[in-house]
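Heads up, the next two complexes both have chain A, just with different partners, chain B and then chain C.
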Partner chain A sequence: MEIIVYGIINSITLSLMALGFTLVYSISRLPNFAHGALYITAGYFTWLFINKFAGFPYPFAIIAALALTSIIGALIYRFILIRVRGMEISEIIASYAIGLAILEGLRWGGLRGMTFTLPTFVTGSFNIMGVSVDYQRIIIVGVGIFIFIVLYLFTHFNRIGLALRGIAQDERAAMMLGIDSDMTAIVSLAIGSGLAGFAGVVLLPLGNIIVEVGYNVLIFAIAVCVVGGLGSWGGTIIASFVIGFAQILTEFFLSSHYQMVVALLAIIIILLIKPSGLFGKQKELEERV
Partner chain B sequence: MEMMRRERIDRGIKVRTEGIYAISSIREVLYLLGPRLILIVGMISLPFILELAPYWKRVVNIMCVYSLIALSFDFLANYVGLVCLGGAFFVGIGGYIAAIFNVYLSFPIYVSIPLATICGAIFCTLMLLPCLPLRGVYFAIVTLMYPLFFTRVIEALNILGGTNGITGLSSFPNQYVEEYTIIIVTLLFLFGMRRFVTQDIGLVLRGVKDNDQAVRASGISIAYMKSLAVFIASVMGCFAGAYIAHLYMWSGISLFALDFSIIPIASVVIGGGGTLVGAIIGSVILVPLSEILRAFGTFRIVIYCIILTLVIVFKSEGLMIYLQRKYHQFERWVKV
Partner chain C sequence: MRNLVCCLILLLTIIFLMPTGSGAQEKPIIIGAPLSTAFLYGWDAERGMKLAAEEINKAGGVTVGGKKRPFAVEVIDTRDLEPGVPVAEALLAVEKLILDKKADFLVGGPIRSEAALAAMDLLNKHKKVSIATTGNLTPAYTKKIAENYEKYKYCFRNSNQVGEMMKEFVTLLEDLRKTHGFNKAYIMVQDVAHARAGGETMQKALTEKGWTVIDMKIYPTGTVDYSVGLIDSGKKGANVLFLWMDMPESAVLLKQWSDMKLKSLPIGFVNAAEQPGFWKAVEGKCEYLIVNLCNGGNAPAKITSWTMKFVEAYKKKWGLEPEGYGTSSSYMAVYQLKAAIEKANSTDSEAVIKALEEIDIMGVYGRMRFDKKTHQIIPSFDPKEGAVTGIIQWQSGKRVQIFPPKVAEGKVLVPPWMK
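== the complex of A and B ==
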């Protein structure tokens, strides 16, 4: 029973981490290696708003932090990535360098140790089917499902969302219909960073805000995206359940040190068996040489 | 209004030195040999110049180590099209294997370094094999993960000395051996790789980068070519790792540290990607800079990343290509 409950929670956690990365990649084909950095940045901003500008209520702090993170994402695209768009090597190096600069800058600025924690939204815990779960984890599951629904509605019933999907499916045809490719890329990066930040704000109350978490998040996000098929949304959710349950099972039967091993093994196995991921059918020819 | 534009023309001497006429006069010979001699003589005489500053002699060793890793990054990225975000992976594997051979199996140093280089390279190639038949960002992703992954595994399982690392590797017999090993190997690899990429096989590798379908249509296996390239690159990386483990007489998880991944990338981008010499020039600039900035701690990485981003966005050709242009060509203004 514990396995099922915590498996679901872990899976939703992973998919929250991965959603921003997969959104940016599916729309603008940019591997955003600064994803983990944005996750930490949002948590740090929230902490800053609460503790340094006294009197900021928690919800407002979160909203302000998310807005700032989205703006950072948009600025990264507008001033840096837009100039190297299409050059794969430069895209990867530039986004990775930005992410590293943010993370190591924060580490240098003193973001280490146990001092940086966010309060949970609601403290306490209750029992589901004999398993004790604290409210924060319940909120994560609720928020995760809520985000999936909002994203689905946004991309199916909204002009901007439809434009994003158009660019994702066929960039040239979408451009012929008057959709601005750079504009959608900016929007996608803003939303992607916002989602990374959102994941950070929701998940970070469970632990400390430390730089290493940023690297882990990037790796888990990438693992989920590769297993699900880069740029496939349905695949991302399925893959996060696969990896999430695999992690919980190894944690239950072996030890919690193996989370990273599971993520990496998942990538290796999927690259060996079905490189385009669980749901990346139409891209198979494109990616396999 | 008269429009002017800048025109670039090859220097006469450059054209003359392209064929057999290069040996017609001492001037042409010097034009060809000059830059190469400056590099070789400069590198070889560095330990003598720095005789009075022993600390900086150490820096020269580290500089050569970074040049080797940068060379392997440059080769993989600009000749085969594989972006390796984890140079630290090669370094760590090379260092640990050297430590295993030297400490656990007590091989002498002149056996353990070559053996670690070859075994490490085979191991790295095998580990990277799953992502080689694929296009796209997979190689970058997997190489990004491996150094973190191995750090975690070593910490978690507490194998190979755990967080303390393996101590007690034998050192080099004397300081000159220590220095000239790495300097000569770096120069050999530099000129060897320059020769290698102009051979037929180098052409095929560039074909893999630019148009893999054409290579495949010629009946050449892309996965094989890529794994060969990865093997060559990891030979360089693993040698650097084995050397650095013996230099510090210690091999620990800091061999998987971020420095070994990011400084080589930065030096290639600054030095000029695709020139191979640029990798060395970049590390000659960056590594002493990093020693000067040592007081700043991890802030150094921030500085590299900012330099890296600025160069890649605004001046992506790099230093070496700029210098080559100035050396081989002259400019003049002409009417349009």
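== the complex of A and C ==
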């Protein structure tokens, strides 16, 4: 029972970490390597709003932090990534450099030590068939499922969401229909950054807001996206469950210190067997040829 | 009249520029501090050192060669605690302190053991005396000194080391066995060399003492879910959770332990839980956690008459209690240097080494004297005999010294759900 309960929690945690990365890549073909930095930034902004602006209620602090993180994401595209758009290596280098600058800037600016934490939404725990689970993790599962549904509805029934999908499917055809490619990329970066931030404010109450977590989140996001297939939403969710359960099974039957190895091993295996990922469309044709 | 005014101005200028004879005007003795300043063990060491230097300078400075010379502290960030930073970075920082900043002595780091061990050859090359005060818990450091005294005689360490910490933990656990009947331990450590070694040593030591060590779980750095291990420990009836972690995510472990209300007492070396702000950070879920702060005085306690004076002075200067490992030892290292320089009446390395080997002072965490062969501070459970550790338990938001018994300010409390 522990395997099922904590397998699901771990899987949804991983998918929350990776959703923003996948969204940006699927729409704009931009690998946003500043993803982990935005995750931490949202947590830090929330902490600032709660602790430095006395009386700022927690929900408003979260909303304000997410709005700011989304704006940062949009600005990153508008002023930096737009200049290297289409040059894949430059996109990676530029976005990674931005992430590095944000994280190390936060560290330099005082985000050090173990005392930067966000309160859990609800404290306490309860038993699910004999397995003790804290409420925050239950909230993570609920919020994760809610986000999947909202994103599905947004991209299938909303004009902006449909435009995003249009660009993702065929950029030239979408542009002929009047969809602005750069504006779409700005929106995708803003939503993707907001999703990274959202994952941050939901997951960070479990631990601390520390710079190193930003790097780890990026690694997990990349692992999930590569295994699922870069740009595939369904693949991201399936890969989260594959890696999430693999990690829990490894801890249960093998040893806990192989958890990180499992995620990285999954990347290697997938790259050897099916480089486009489980559900990746990109380069799939080349692979068949 | 005009001439009189000119003479007065000239006289005042001369008086203003004349050396006053106080320590502040003499050439300072430069203490180089290679520290990983973005981390607790770095910044608290820096604060401890600066506080001591300020106190000494205020009192006139260090008497050497008939003059009163002030201390000046030069800090360089070694970054050796940051992930992925090579040891060479720390060595560059050490060399820069010696060659560029003209450090007369070194105090503090490098903090990571590998870097500290590598720096020993540099200290020999430049003939610079160093007192290691933070991080660097490995017994290999002082073993190297004992094995090749002539080469490594420049190195001293006034803080605790892992072998002694193990002895302290085993003694404490044996006390708990007598008082509470604990006999089953579950070990959870981080996947880094010092923590794995700590876990393995503890596993061996407890087994030899007749304890049942149920399992030892090793977690990669950055783990944010310990539920499988914790549930397993609960199922198998562990009454002690022995932890050895220096990653911030250990806060998650404690939150989960508290939420699950496991019938086990967490004890160990938990870097995250050293700081006074940890209580607020984990919403009080570290209550009952026992942490080894390596040296006394890193949290408020009445170990010697100097301990609380130091704590109060630290609070006045930095606005918070001493935060954790590295604070009291770095503070005391500056005083030890002062005593040795004054005893040697020189800043010459050879003379200061000899003096450091001979000085015997009552410090913040007990009697402070170095072993002549290993240059390790002599430890003891009695502050009158040697340097004592600071093992604290989180009780109602405070870090209460609970070990060694001679300086304990409170008894070990167990969670109500364990009764």
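Everything that follows uses one rule, which is that the second predicted complex is superposed on the first by the 279 of 289 C-alpha atoms of A that agree within 3 Å, B and C clash if a C-alpha of one lies under 4 Å from a C-alpha of the other, contacts with A are read in each partner's own complex, and residues count from 1 in each chain.
Definition applied: a contact is a pair of C-beta atoms (placed from the backbone, for glycine too) under 8 Å apart; a residue touches a chain by one contact, two chains touch by 3 or more.
Just so we're clear, the structure is a prediction, and the values are computed from it rather than from any experiment.
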item: Touching partner for A:I62 - first (chain B), second (chain C), both, neither; value: neither
item: First (chain B), second (chain C), both or neither touched by A:M260; value: both
item: Partner chain in contact with A:I191 - chain B first, chain C second, else both or neither; value: neither
item: Contacts of A:R107 with chain B and chain C, given as first, second, both or neither; value: both
item: Which superposed partner A:I92 touches (first chain B, second chain C, both, neither); value: first
item: Chain B versus chain C as contact partner of A:N208, first or second or both or neither; value: second
item: Chain B versus chain C as contact partner of A:L23, first or second or both or neither; value: neither
item: Which superposed partner A:I179 touches (first chain B, second chain C, both, neither); value: neither
item: Where chain A meets both chain C and chain B, residue numbers; value: 107-108, 215, 255, 257, 260
item: Residue ranges of chain C in contact with chain A within the complex; value: 38-40, 43, 83, 191, 217-225, 227-229, 231, 247-249, 251-252, 255-256, 259-261, 271-273, 275, 277-278, 280-283
item: Touch list for chain B against partner chain A, complex; value: 77-78, 81, 83, 85, 130-131, 133-138, 140-142, 144-146, 148-149, 152-153, 155-157, 212, 216, 222-223, 258, 262, 265-266, 269, 273, 296-299, 301-302, 304-306, 308-309, 312-314, 316
item: Residues of chain A touching chain B in the complex; value: 31, 33, 80, 83-84, 88-90, 92-94, 96-98, 100-101, 104-105, 107-108, 215, 218-219, 222, 226, 230, 255, 257-258, 260-261, 264, 267-268, 271-272, 275, 286-289
item: Interfacial residue positions of chain A with respect to chain C in the complex; value: 2, 6, 9-10, 13, 107-108, 112-117, 119-120, 123-125, 131-134, 203, 206-208, 210, 212-213, 215-216, 248, 251-252, 255-257, 259-260
